[in-house]
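Here's the structure we're looking at; comments come further down.
First chain written, first letter: the chains are A, B, C and D, and each begins at residue 1.
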Amino acid sequence: MKTNTATLLIHCKDQKGLVVSVTEFILNNNGNILYLDQHVDNHEAEFFMRVEWDLSEFHIPTEKISDYFETLIASKFTMRYQLHVNSAVPNVAIFVSHLPHCIYDIISRVRSGEWNIHIPLIVSNHEKLRHVAEEFNIPYYVLPITAENKAEQEQKTIELLREHHVDLVILARYMQVISPEFIAEFPNKIINIHHSFLPAFPGAKPYHSAYARGVKLIGATSHYVTADLDAGPIIAQGVSEVSHKDSVENMIRKGLDLEKIVLSKAIWSHVQHKTLVYNNRTIVFE
Amino acid sequence: MKTNTATLLIHCKDQKGLVVSVTEFILNNNGNILYLDQHVDNHEAEFFMRVEWDLSEFHIPTEKISDYFETLIASKFTMRYQLHVNSAVPNVAIFVSHLPHCIYDIISRVRSGEWNIHIPLIVSNHEKLRHVAEEFNIPYYVLPITAENKAEQEQKTIELLREHHVDLVILARYMQVISPEFIAEFPNKIINIHHSFLPAFPGAKPYHSAYARGVKLIGATSHYVTADLDAGPIIAQGVSEVSHKDSVENMIRKGLDLEKIVLSKAIWSHVQHKTLVYNNRTIVFE
Amino acid sequence: MKTNTATLLIHCKDQKGLVVSVTEFILNNNGNILYLDQHVDNHEAEFFMRVEWDLSEFHIPTEKISDYFETLIASKFTMRYQLHVNSAVPNVAIFVSHLPHCIYDIISRVRSGEWNIHIPLIVSNHEKLRHVAEEFNIPYYVLPITAENKAEQEQKTIELLREHHVDLVILARYMQVISPEFIAEFPNKIINIHHSFLPAFPGAKPYHSAYARGVKLIGATSHYVTADLDAGPIIAQGVSEVSHKDSVENMIRKGLDLEKIVLSKAIWSHVQHKTLVYNNRTIVFE
Amino acid sequence: MKTNTATLLIHCKDQKGLVVSVTEFILNNNGNILYLDQHVDNHEAEFFMRVEWDLSEFHIPTEKISDYFETLIASKFTMRYQLHVNSAVPNVAIFVSHLPHCIYDIISRVRSGEWNIHIPLIVSNHEKLRHVAEEFNIPYYVLPITAENKAEQEQKTIELLREHHVDLVILARYMQVISPEFIAEFPNKIINIHHSFLPAFPGAKPYHSAYARGVKLIGATSHYVTADLDAGPIIAQGVSEVSHKDSVENMIRKGLDLEKIVLSKAIWSHVQHKTLVYNNRTIVFE
């Protein structure tokens, strides 16, 4: 990630002149376009665009880009848009329960310099993975959840996340259902990994269901969390071959790699501002 | 396929001495084992085996192998088994409706010598694909199905299949539900291709459902037909990546290749006597 | 493929204003853009673009589009471009030798309506696959090649191709090296399928080499034919898993599906005008 | 991995009675066979077998199994065999240079309990990855290599490995060529990850070569190290799709996941005693 660039994510009804107007706005103010992707849903006449440009000689001061874009372009076409100035390093909170393979994969990418994100805290409903937090010297908060204390604990968690200026929440095999109230605080900012190729096998114990059904492929699905369990917009999916030789335990083992790779792929798309949500589906630019 | 070989497919409760007994039966009668695969379901204590051997110097006459094996081995271990003498070329009936990609793929494999099977007839509920049958000079029977005539037409079809000594029925995108009575005539001998990664999207229009759900993978599943629609034992599955760029029409187009390859893979496993059905799941030896 | 559309494929040095200029040319003349893809090679500062638009209300008469585009846009930016009016059905010649799996796959796609191309003739150096041509009623020309007659036979072949207005030549496992003179007649218009993941195992008997090396993946590569054997620009590649269980014969068998699917993928990209060649590499728009 | 089991890996010329003799040896001494895999290379008439059984009621004392097997079975059939008693936890040394993605993946699997191996030390020719060793509290030895000191440093390394009773060496993107003398100390016990689908792009900078050649797939290959650079027996391979959009830098990034997953797959096969080397190729049982 170059540090001195801006990214615009745009969504509006398809109209003539959209690409021309946006690119002229950048070019006329001396921005050098690095990447431009656009997608037209011809069926629904919706327009989506992602454009990233170099800010080093851009005439409009960074803090005024949004204002100018709103006035000159967005209002004219009734656009919804997000402006991201990429020098900001996102704060990402990781939620875990018992299984560490996903969080190890995420932290490894940060520590090796593959990803430029900051992990201010790890949240869990169990003590079990404290050793992971300690290995990497990351604060680890345990908030056990019961039917009685759920609302209260979620409220505490929200406060923790605010305190740490969290931009994105990752459910890295966190085995608790998040309440609609919590989700509403982080719309399209909570990413989950589910251990099946959704919509097959939602809910608990998908590998057991996959074994019982005798499938020849197991899968993993990363999606934005919405109020409907395991039904949010899918960001990434992957599958792995299995055969009659694979016991449930072996499927679970094979699934570990699948889950961590699919989740990390989804996180990376989000962090690069390459995802847009529309009608419970995602646009994922490359 | 070598022509002078025999294949035994065996299923029984796991017991000591199974592999030893079967291989000694072959070796002691001067059979040369070409392939041996066995699988033990340790969880359910079930034993499965496939063994193929050269008959050229085998002491037991071909027509008596089954009798001897039953007496000497199978009865002792309470085995269920199938004996296939591979010089027999199977008679395979293809059922089609509107889409020819699967039947073209199947016939091409036969005509090019890739598969040693015979296609005595094609059955359809429409005239539309008669040209395929004519290109390859294969009898084409049209039996239109209505709610009223279904039982009668199925009975006619069963007679046709018997007349042609059909060993296997392929539903190559045949768009009619087969009745339980018909299925009972061909247990584990009817193979269907469904255009989704089952158990996701059973029933009609799976690509439309896949599009609406926003999946990032589409799939195809080939399975034995049972009385439960799209719920029979799965033989083969495949997936293909899709993105937000893919319209429903494009998914349907991408699915064509997936369907024909997955169906042909399943047929080839069956025809080589590499499949066993157990608890609505399949053992597919390699 | 919609029939009343035009496609522009553009390549030039990267400069400011390229996307704006091209899209304005279309929009200002009342063209409705259906697809727009662009790629900037930031390293080499090269620009590539594919744009497809609806001609039904386009102000510039179809036969004058190229002239106007040249004058108003291309000359200004020193563009190389191709204009394709998509109502034209391309004439595709298929060259074969002994193996029919690829040609069956190609013809099946045409006969089933999946591809809108015309196959005016099949060329071979052997009689062996005449039956395929006869099944589909396509003229079949046999031109046996020896060291002595090669130049002469190639000349005859070129004349045949001209006579049939051939736009694209497919080497569907045609086992003869094409001379540089022949290739010069059809620059970037001859597509070959090679049965390995190039650059591994160029030349003859790649499956034997793959077996000897003990690889765990076999591959297929479709590429434009250039004067360097098996070294032309790659359009599509695919792989399939193999193991120690696979004999050379089994690798050859597994390769059949790989070859036909990879070749057809490459043909389909070319026929939709989605490919551009640059520095012996391809841009393949989606 | 169950802790009280034994595994036999067997290789000899194919002969009648092999499977029977080995399984009887186990059964007659009250061993319960858990897994049995065998492979016959029909072309070369070589026989390979892996059998794993429960030792809990086995009559032969663990320390005498090898002696008995040698006398009663192996000598009769001129077998080469390895006996592994699985309660032993292997000591695995990891060699690294600059890139930590593979070592992070390996250590994560150990710390999460996915793999039952011990890592007594990390060896490097650079200080750079000391932080990884410190995060997990593993001894980190730096032995810088120059043309002058190579023999000496390798000798020191061998002593370190002996001191720590190392059973397996992993070159986790270790950027030094290992000498034949070093390799001779650890025959088929050094596993490397090479960042291409070998035999394509051996040697340095394979992603640069892949980019220049314009391939549509990049790969990774894990193999046993032999005296021929990047030419040892392949254990596992994987590929990932790339397109014209991928710069060299992007290919390198995409390759990170591929390399770590392929290397870990190979290590896991070796550690479970599922690999046999023959004619510079591997048998990898499932």
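Keep in mind that, in the parts below, a residue touches a chain if its C-beta (ideal position, glycine included) is under 8 Å from a C-beta of that chain, and two chains touch if they have at least 3 such contacts.
None of these values were measured; they are calculated from a predicted model.
**Student:** Greatest Cα-centroid separation from chain B: which chain?
**Tutor:** Result for max centroid distance from chain B is chain A.
**Student:** Write down the chain pair in A-B, A-C or B-C that repeats the interface of A-D; the criterion is over half of the contact pairs matching by residue number.
**Tutor:** Answer for A-D: the repeating interface is B-C.
**Student:** Given the two chain pairs B-D and C-D, which is bridged by the higher number of C-beta pairs in contact?
**Tutor:** C-D
**Student:** Could you please state the distance in Å, as a whole number, between where the Cα atoms of chain B are centred and where those of chain D are centred?
**Tutor:** For chain B versus chain D, the centre distance works out to 38 Å.
**Student:** Express in whole angstrom the distance between the two chain centres, defined as the mean CA positions of chain C and chain D.
**Tutor:** Centre separation, chain C to chain D: 42 Å.
**Student:** For chain D, write out the residues touching at least two other chains, lowest number first.
**Tutor:** Each of 42, 245 in chain D touches at least two other chains.
**Student:** Going by the contact rule set out above, which residues of chain D touch chain A in the complex?
**Tutor:** 99-101, 104-105, 108-109, 111-112, 114, 131-132, 135-136, 245, 253, 256-257, 261, 264, 286
**Student:** Taking the complex as given, what residues does chain C use to touch chain A?
**Tutor:** 16-17, 19-20, 23-24, 27, 33-36, 38, 40, 42
**Student:** Which residues of chain D touch chain C in the complex?
**Tutor:** So the residues of chain D in touch with chain C come to 39, 41-43, 48, 197-201, 213-217, 219, 233-239, 243-245, 247-248, 279-284.
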